[in-house]
Structure formats: structure tokens, C-alpha cells
Amino acid sequence: MTPYSPSELMAVNAARLLTDGKVVFVGVGLPNLACNLALRTHAPNLTLIYEAGVIGARPERLPLSIGDPTLVTGAAAVAGMYDIFALYLQRGLVDVGFLGGAQISRTGDINATVIGDYAGPRTRLPGSGGSMEIAAWAKQCFIITPHQKRRFPDKVDFQTSLGHGPARRALPGRGPQAVVTDLGILRPDASGELVLVALHPAATLEEAQANTGWPLQSAPDLAATAPPTADELALLRALDPDRIYLK
Amino acid sequence: MSKLSTLPAAIAAHVHDGDTLYLAGFTHLIPFAAAHEIIRQRRKDLTLARATPDIIYDQMAAAGCARKIIFSYMGNPGVGSLHVLRRLVESGALEWEEYSHFGMITRLAAAAAGLPFLPMRPTGASDLANVNPAYRRIPDPYGGEDVVVLPALHPDVAILHVQRADENGNAHLWGILGEQKEAAFAARRVILTAEEIVSEDVIRRDPNRTLIPGLVVSAVCHVPHAAHPSYAQGYYDRDNAFYLEWDALSQDEARLQEWLDQWVYALPDRAAYWDKLGPEVHARLTPSPRPSGEVDYGGYA
Amino acid sequence: MSKLSTLPAAIAAHVHDGDTLYLAGFTHLIPFAAAHEIIRQRRKDLTLARATPDIIYDQMAAAGCARKIIFSYMGNPGVGSLHVLRRLVESGALEWEEYSHFGMITRLAAAAAGLPFLPMRPTGASDLANVNPAYRRIPDPYGGEDVVVLPALHPDVAILHVQRADENGNAHLWGILGEQKEAAFAARRVILTAEEIVSEDVIRRDPNRTLIPGLVVSAVCHVPHAAHPSYAQGYYDRDNAFYLEWDALSQDEARLQEWLDQWVYALPDRAAYWDKLGPEVHARLTPSPRPSGEVDYGGYA
Amino acid sequence: MTPYSPSELMAVNAARLLTDGKVVFVGVGLPNLACNLALRTHAPNLTLIYEAGVIGARPERLPLSIGDPTLVTGAAAVAGMYDIFALYLQRGLVDVGFLGGAQISRTGDINATVIGDYAGPRTRLPGSGGSMEIAAWAKQCFIITPHQKRRFPDKVDFQTSLGHGPARRALPGRGPQAVVTDLGILRPDASGELVLVALHPAATLEEAQANTGWPLQSAPDLAATAPPTADELALLRALDPDRIYLK
């Protein structure tokens, strides 16, 4: 078996969540890697939408930024930023939104805004970008983030985007349906609480629990993910030869 | 009526201390040359609005031009933090006002349309609305769910870099369009920098490619390579190496000031900047050709 | 995933009795071939929405397809009245709902954006709002003047004629764009007819030209000359002679039925219709070439 | 002196109202003729905007419809219908709007909708199209219409667009500032009532009064318009060789 890094593990498992033919709103970094890997493996008919305004991108190289010129050349369509958010996302045309975030709460709220107090922040993060609306309006969302206790608090310091809870019922999207970490995969239970549903090879429930800021439950049918295949890894590494994301 | 101008003259005429600026371009066509000229002319107390402040506003803030920032994603796209802006915000030395991307573009779209506000559907995430009183909720007069609204944002000046324009300011853009159109129609004054100034005929051969009509433009300046380290689709690539380099550079105050000295203050204009980058960088950023193909508009005489 | 279909199959699958249709195109690219196929398939009780009903809805109404019309300018553009619609409205045989152009496009834009409504500034003219309860006034939550709002209009089916599309329904349009984009995003189902079906590569060489993305399209049909007597920019001219001829023809019930018999019911498809027009008309409607010129997107590998 | 028709007289006088460099929202028919005549005579820098979405048109032939392909070929820009009405007209970029109408009232209200009752119309007219917003938001409007009593009632049957009156004060546009007829030119006085300010050659005040549905006042400095020049007529006739509008 080829050795692989935690970020490779996350990217491969995130790619596997994407079913062919879907319309995916792609975020920068690992989501971008995951979507491009899926496009090159089991999901050649994904429509990749980038918030910068590109629809049906076919990037020849992995873009560092989600506004890279390689996303435009050969794309199916380009639209302005208002249209991307209004006509595609708010209108309900996006099947899957891919998100990251500095903090993910027990019920899937995301914080991408500040650590500490908003008015006098300890750490100022970049802010919402598209997160607030993607989490609300994409039919479902996937989140990729390393499994660390500080990243999985019981409550977020700032609710940049909504996970599960009463306000979710009024929204068209079902919210975060999977969180892919370097230890496993979490999904919401019926109450909206994220529970561990799968462990990656070599990871343990105890390790996941120790790295989560609430008493992490595991699903009764806790699964094991298949290790990345040699094919998946080769394609992934070809996408990020300088290992900008595959740290 | 020609609106051709030099960039220094256009900045001197249209950008004043205390103005609200929107230097447009979502990753693409970011008007760095104009920002550097604003720095050289030592404008102060500016309110800098941009969905993604990007390195351009990090540089302007480092040079002391900014009083306030209005943004929706204050990161170095694909890299990490914008360290200058982050330090200034964390230390309380810079005012800020924050939206989501959709909120930001909605404010511009409202202004561009001459409307006092535009609605958005609720997102269920309430913290941003709690800290920013511009977010309001109003009832749907047709009995549906409440909507969230934001007020129009009218910058004093929008600055856009475009691939080509005629001397009247009619401009062709292609590639990522971001909020270029909305910013131009929202603003009170509009400055264009252009990779190429072309004859009116080149523009009028493909009127559907004209995103910015000359009638909203105050000045148009011929400034090739004005978007580096961002890019101009078909002209040069995004300089990802510089975006990565800025991450380290911008965390070191001495290096930052040295960079500003060498790359902004010491240089007269963008031609000197591009020259200073050198032939290896020029070569690295040169794309291969990918022509669009043509369409036929037909002659109807 | 190919969405290619014959026009009869697309109409049979997606257009049902009682549907609300928006056959798009402001003067340009009016989908006459689709209208004639709907007439041939004898659809009934349709609500026909269009800013400018044009001859296309006059024909559909004459054939008995319509229960109601939604419009903002019910004239024969440049000629005068649409006599069939006017007779039906004056006699009370057709329901109608009326807006200004801006009101009509605002309703589509709201639907396209997934919003329940959009605001407009007041115009001071109140009679239309007095007879159409969809017009409402709401306060500006920021303390300015009231705004006028209209609710989203979601057609069951939008039908668009385009210059060229790939088999996935990604379509290039140029020339007058009217409400094509808004109608496509507002509708529940979208049928395209296209002058040309081209390879995906032709579309992807110029992605900024793609107004309609395949992901909103239900079916795409190869139907050259589908827009006559309106026009397809660069392909054929508007048949002004026919628009003038319709003025007389449509005031005479016998001639009208004879026209429908000969030009719609008796013909199997648009190829037969175009053939029947004959070489003199073809020649009269052929524009001279006016190529757009190219732009370069650049290869970034 | 070259003989001329009433519509030629109206078109020439309307063209003369346009000053160079302005942005004009052009309606179909005589307004279209007038604007294209002005472009070819004293106002080569007019920006002609057509509601179909064309900015800076340079038509090689006179378009029958305002959506004619000749308007697009060689134009400066094309925009969608929403943008034309929102970004140009509502935003306040249009200097002059040109309108027609079946009825013009004493205070410049236009009726383009119905004669008789709205619900059971005696004559159903085409309706507003762009009139309602053009009259409200263009900085000023010009109206062209033949001088007939039925076209100039004291009040319109249906207020398609606003002329003068209390509601005008809240609007950005100054409303109808000139009505060009085949007898002369009317302009609003301080109270907003249309008064005769100029007579065409051979027309008389009595004739104008007899063809107006309210007691038509004339300005103290009632002027006489100059007859169409041979040049103006030649250019005009070249624009409409089939005399579709120059009836």
C-alpha cells in the first residue's frame, strides 16, 4: 500500500462523496483538490462552479486561487458574481457545497470569522466569503477539516454559517451532511448532532473522541473507509505537484 | 469624446482623501497599478471596499492610505491571511465593516440599479447581522418568508482594469467578471486602466463583449500589465509565487516597507515595475494562445 | 449527457395544457418554430407570458392555444396593433395581466434569482398599480422613499431560440439578449431551439459568450431558421415585410385561418416552412458577413 | 422651399431639440427617425439607447422595430433588458426619453393603454412598454404626436405615465419638457400645464386651440419654428425611403 498524508486521506475521501452528474460549488484548497480528483475518477460529469464566476470548469492545472485563469479557459460558461450567488446558489441549482472553516460545532455551525470577541478579535479570520449562503442554499454541504480539538468546539465563537437546528427547517438546503477529517467521517444524526460514522485506516474512536470538543458519539454501524488507492493518490499528486495543499 | 488620460492625472483628478473606493476585480484584473499610483500620491483616510481585499488593499493599508475597510473575505486567496489588514483590525487601528460575498455584491447591485436596497433570502446564520446593523429583515409583502435586505453601496470612485478599451471608455472584458459591472455602475466616478487602447471599431465589432460602456467612465488610461500580481486573462498569468511570497513578506514590517520603497515609491510607473520584474518572470507568466473563435453579427444595410 | 431532442418530442414532453409559457426573445430570436409546433400539437388553456407578445402570441391565440396573456407591450413592433390579441381582449374572450417592461423583467429577474420579489423605484403613474394588485408599495427600511415591488414570475416552461448550442444545452447568444437569461433561470423547464448544434469545444473556446448554461436546459433541438419572421443576428434578417403583411392578414378571420392552415398545420416542420418561403425571401433576408474578431483566453497548463 | 409632410415637420423639429453629447432613450417610429436625423446633423455624439438593449447604436438603415439587427451591428455595447431599465434608466444615466402616446393630457400625462374603461376597453392600445419608467426617470422627456383634439384631452382615460403634478416632485426626472406636434411645440408652464410656445410655418394659434381638448394657452413670446431645410429633408427621406413613418 502506498503511504499517504492526512490531507491526501481527506481529499480522497471527500472526492468519493461526490456522485456523478451533480452541480458542485467548489471552495478553495482541499475541496478544490477533491472535486478535481472526482472529475478525473468516478464523476466525469460533475459540473464544477467556482464562486469567482466559472461554470463547468475543466482546469488543466490545479488552481491556487479559485479565481485562477486556468478555470476559465475551456469552461462551459462564465457569469458575474451576482449571478453566481443569485441565479445559481440562491435559485437552488447547486447540489453540493464544499466548505472549510476554522471551527465546526457539535451541530455543524461553521466559524470562519473570528476567534474570540468579534469587536476585539483574538484572531481575525478571513470571514464568510461565500460560506454563509453556500451552507444555507446548496442542497447539501460537505466540510473538510483536520480533526483537532480546537477546530471542533461544542459551540463556535461566531456563527459564520448555520449547521443544524431550528433555523435549518426554513432553509432549502439540508446543511452539512458530511464532515471529512483526517481521522474519519462525521454525519449529523436525527437531532443534527455530528456523530462519527466512519474511521479511516489506523484511526480509532478514542483518538477521534480525544480530538473533539464535545462527547463524540459514534454510529452503531461505525464503518471503516477504504484506504486511498494507488490510482487515486497518483492522480491527486499530479494535481498538486508542488504540494501546496497536500501538506 | 476622448477620455484618455495618464494614470497619475486620472488619480489626481478623481481620487480624493477621504473617498470611498472600490478597486474591482474578483481575483482577475485587479488594478494594482492604480493602487500604487494612489500610494505614490499619498492619499489618506480612504474607505477601501472590495469583496476580497486581496494583496492590493494589504499594500494600500501598509502604506497608510486606509481609514476603513469594507469586505466579505479578507484572505490571501489560496494562501492564508492578509497579514497587514489582519494586524490592523486585530489591533483596532483600522475600522471595518463586514458582509458575506453575496451581501457585498448585493449592495453594489442595488447601487448599480439605482435602488435603495435589494433583498436576499435568509441564511439562518445570524451573527453577522447581529454585528452589522446594515442587515435588516423585512416581510415579504406577498405573504412568504421574511427577506434580508442590505442598502446600496455607492463608492465615490470605482477603478477597473480591463483588457481593452477605446478612447471613449467602452471596454471589452473576458474571463472572470466578478463585480466589475456592478462597481462601475454603482460608483460616482469610474477610472479604467487598460491592457490595450484599441480603435472604436475593434469594440464595435463585438458589442456583446462590452461590459463597461464609456458613458459611465470618467477616464481611461493605457497601462499594460496593470494587474500584476493578479492577471489579465489571455495576457499574463496570475503570479502565484508572489502571492505566496507576500505571505512571508507582509509579516515582517521592515521587509514590507522595503518592498513598498523598492516596488512602489521608487518607481515612476507600471512600465518600470514590469521591467523590474524581469524577463524570467515575464516568461513564466506568459500563457499559450487560446483564441476564442469568432461569431458573425451580420451587416444589415 | 446529451439533451438533444426533436422539437416535436421536446414539446410533447415538456409543454402541457394549462401551463404558463414564456417564449423569450425581445424582437430577436423569437422561437416561432416552437410556437408552431405547440399549435400543431393543439395545446390548450395556456397562459402566455412575454414582454412583447409579438406576432408569435397573436398566432398562438388565433389558433386557440391561449387562456390568458401576461404582457407589457402588446403591439406589432414598428407596425401597430396585434389584432388577434386586441380583438380577444376587447371582446373579453381572453384574460390578461399587464405590466410595464421594467415590471415584467423585474418579475422574471426575481424568479431567476430565487427571490420572492424585487423592488423598483416609484414612477408616479398609479393607474397600472390600481388595476393590477400584484403591484405593491413597501417602505424603504433605511428611511428613504417607498419602493414598488412585484412578485417573482416562474413560468412552467421557457422556450428560447439561440444561435448555437452544444448537445448539453450550453448556448452562445449574441445580438439583443432581452430577457433570455432571466426567462431561462426563472422557468421550471427550458427548451432550446438552435440555429446550429456545435461541438462542446466551440462553446468552451469562448465561455463568456455562454448566456445559457446546460444545467438549466431540459431539451435542445436543432431547428435552423426557427425565429422567422423575427431574426437571428448574423444568420438572417428580420422579415419586416411579413410584420407589415401580418397587420392586414390578422384583421381578416378567413385569411388568418388560411394562413394557419398553409403555414402551420399543413407543414411538418420548420425545414418545410423555410423551404416554402422560397429562395427570394431567403436571399432578401441574408445579411453580409460582419465577423466579431477574436479574443485570446490563453492556455494555462 | 421644399414641400414637406406633417410627419417630416415633426421629425425635424424633434431632432432639433436634441443637444449633442446627450444620452437618449429612443422609442420606435418618429422618435427613432428624429434621433437618427440629429445624429447625422448637429449631434454626432449622441448616445442612442434602445430599450431592446443596444447602447450607442449606429444603424446603417432605419430600423422598423426598435429591436432590429442593424441596431446591434456596430453598436458600442449590448445589455440585457433588466440592465437597460435598471442600470441605465433607473440609475439616472438617461438624459432624454422620447415618447409617443395615444393621448396627452393638459399636464403631460400619457395614455398608451386603453381608450375607454380598462376592464372593458373600447380600444385596447399596446400598453406601457417602457413609457411608465422613461417618463419618470429620464432627466427630461420629449413627446411627438400629431395635433388632434382626441389626442389632447383635458385628462387621459388611463395614466400610463406621469406628466406634471404633485407626484412629479418625488421623481428624479423633470418629465415632459416638450411636445412636438404638426402644428407647433408645447412646453409646460410653471404650473405644469402644457402651453403653446412655438408655431410651425403656416400654422395658427386658432388652429392649435381648435385641435386641443383644453383651453390652450400660448406663451407671451410665442415663437415661429424655422421650416425644415433641404438638407434636413434629404437626410430624413434617405432614412425612411419607403416612407413607413413619414406618412
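As written, the chains take the letters A, B, C and D, and residue 1 is the first residue of each chain.
One rule holds in what follows: a contact is a pair of C-beta atoms (placed from the backbone, for glycine too) under 8 Å apart; a residue touches a chain by one contact, two chains touch by 3 or more.
Not measured: the values here are computed from a predicted model.
Undergrad: Both chain A and chain C are touched by which chains?
TA: For chain A paired with chain C, the chains in contact with each are B, in label order.
Undergrad: Which chain's C-alpha centroid is most distant from that of chain C?
TA: Measuring from the centre of chain C, the most distant chain centre belongs to A.
Undergrad: What is the distance in Å between the mean C-alpha positions of chain C and chain D?
TA: Centre separation, chain C to chain D: 28 Å.
Undergrad: Just curious, how far off is chain C from chain B if you go by their C-alpha centres, in Å?
TA: 36
Undergrad: Averaging over Cα atoms per chain, report the distance between chain B and chain D in Å.
TA: Centres of chain B and chain D (C-alpha means) sit 40 Å apart.
Undergrad: Considering chain D alone, which of its residues make contact with at least two other chains?
TA: In chain D, 54, 68-69, 72-74, 78-79, 86, 90, 137 touch at least two other chains.
Undergrad: Out of chain B, which residues touch more than one other chain, so two or more?
TA: Correct list: 114-115, 120-121, 145, 174-175, 177, 181, 205, 208, 233, 237, 287, 290, 297-301.
Undergrad: If every chain is a node and every touching pair an edge, decide which shape results: line, ring, star, complete or other.
TA: Shape of the chain contacts: other, as it matches none of the listed patterns.
Undergrad: Tell me, which pairs of chains are in touch?
TA: A-B, A-C, B-C, B-D, C-D
Undergrad: Provide the residue numbers of chain C that touch chain D in the complex, in ascending order.
TA: Those residues of chain C that touch chain D are 26-28, 51-52, 71-75, 77-79, 81-82, 86, 89-90, 92, 98-103, 105-106, 108-109, 120-128, 131, 145, 174-182, 231, 233, 237-238, 240, 243, 287, 290.
Undergrad: Give the list of chain A residues in touch with chain C in this complex.
TA: 21, 23, 45, 47, 54-56, 58, 60-61, 68-70, 72-79, 86-87, 90-93, 137
Undergrad: Sort out for me which residues of chain C touch chain B in the complex.
TA: For this pair, the touching residues of chain C are 114-121, 136, 138, 140-142, 144-145, 147, 149, 151, 163, 172, 174-175, 177, 202, 205-206, 208-209, 233-235, 237, 287-301.
Undergrad: Would you tell me which residues of chain D are touching chain C in their complex?
TA: 28-29, 51-54, 63-69, 71-74, 78-82, 85-86, 89-90, 109, 113, 118-124, 126-133, 135-137, 158-162, 165, 167-168, 170-171, 244
Undergrad: Which of the residues in chain B come into contact with chain D in the complex?
TA: Listed in rising order, the residues are 1, 112-115, 168, 170, 181, 185, 200, 203-205, 207-208, 210-211, 213-216, 297-301.
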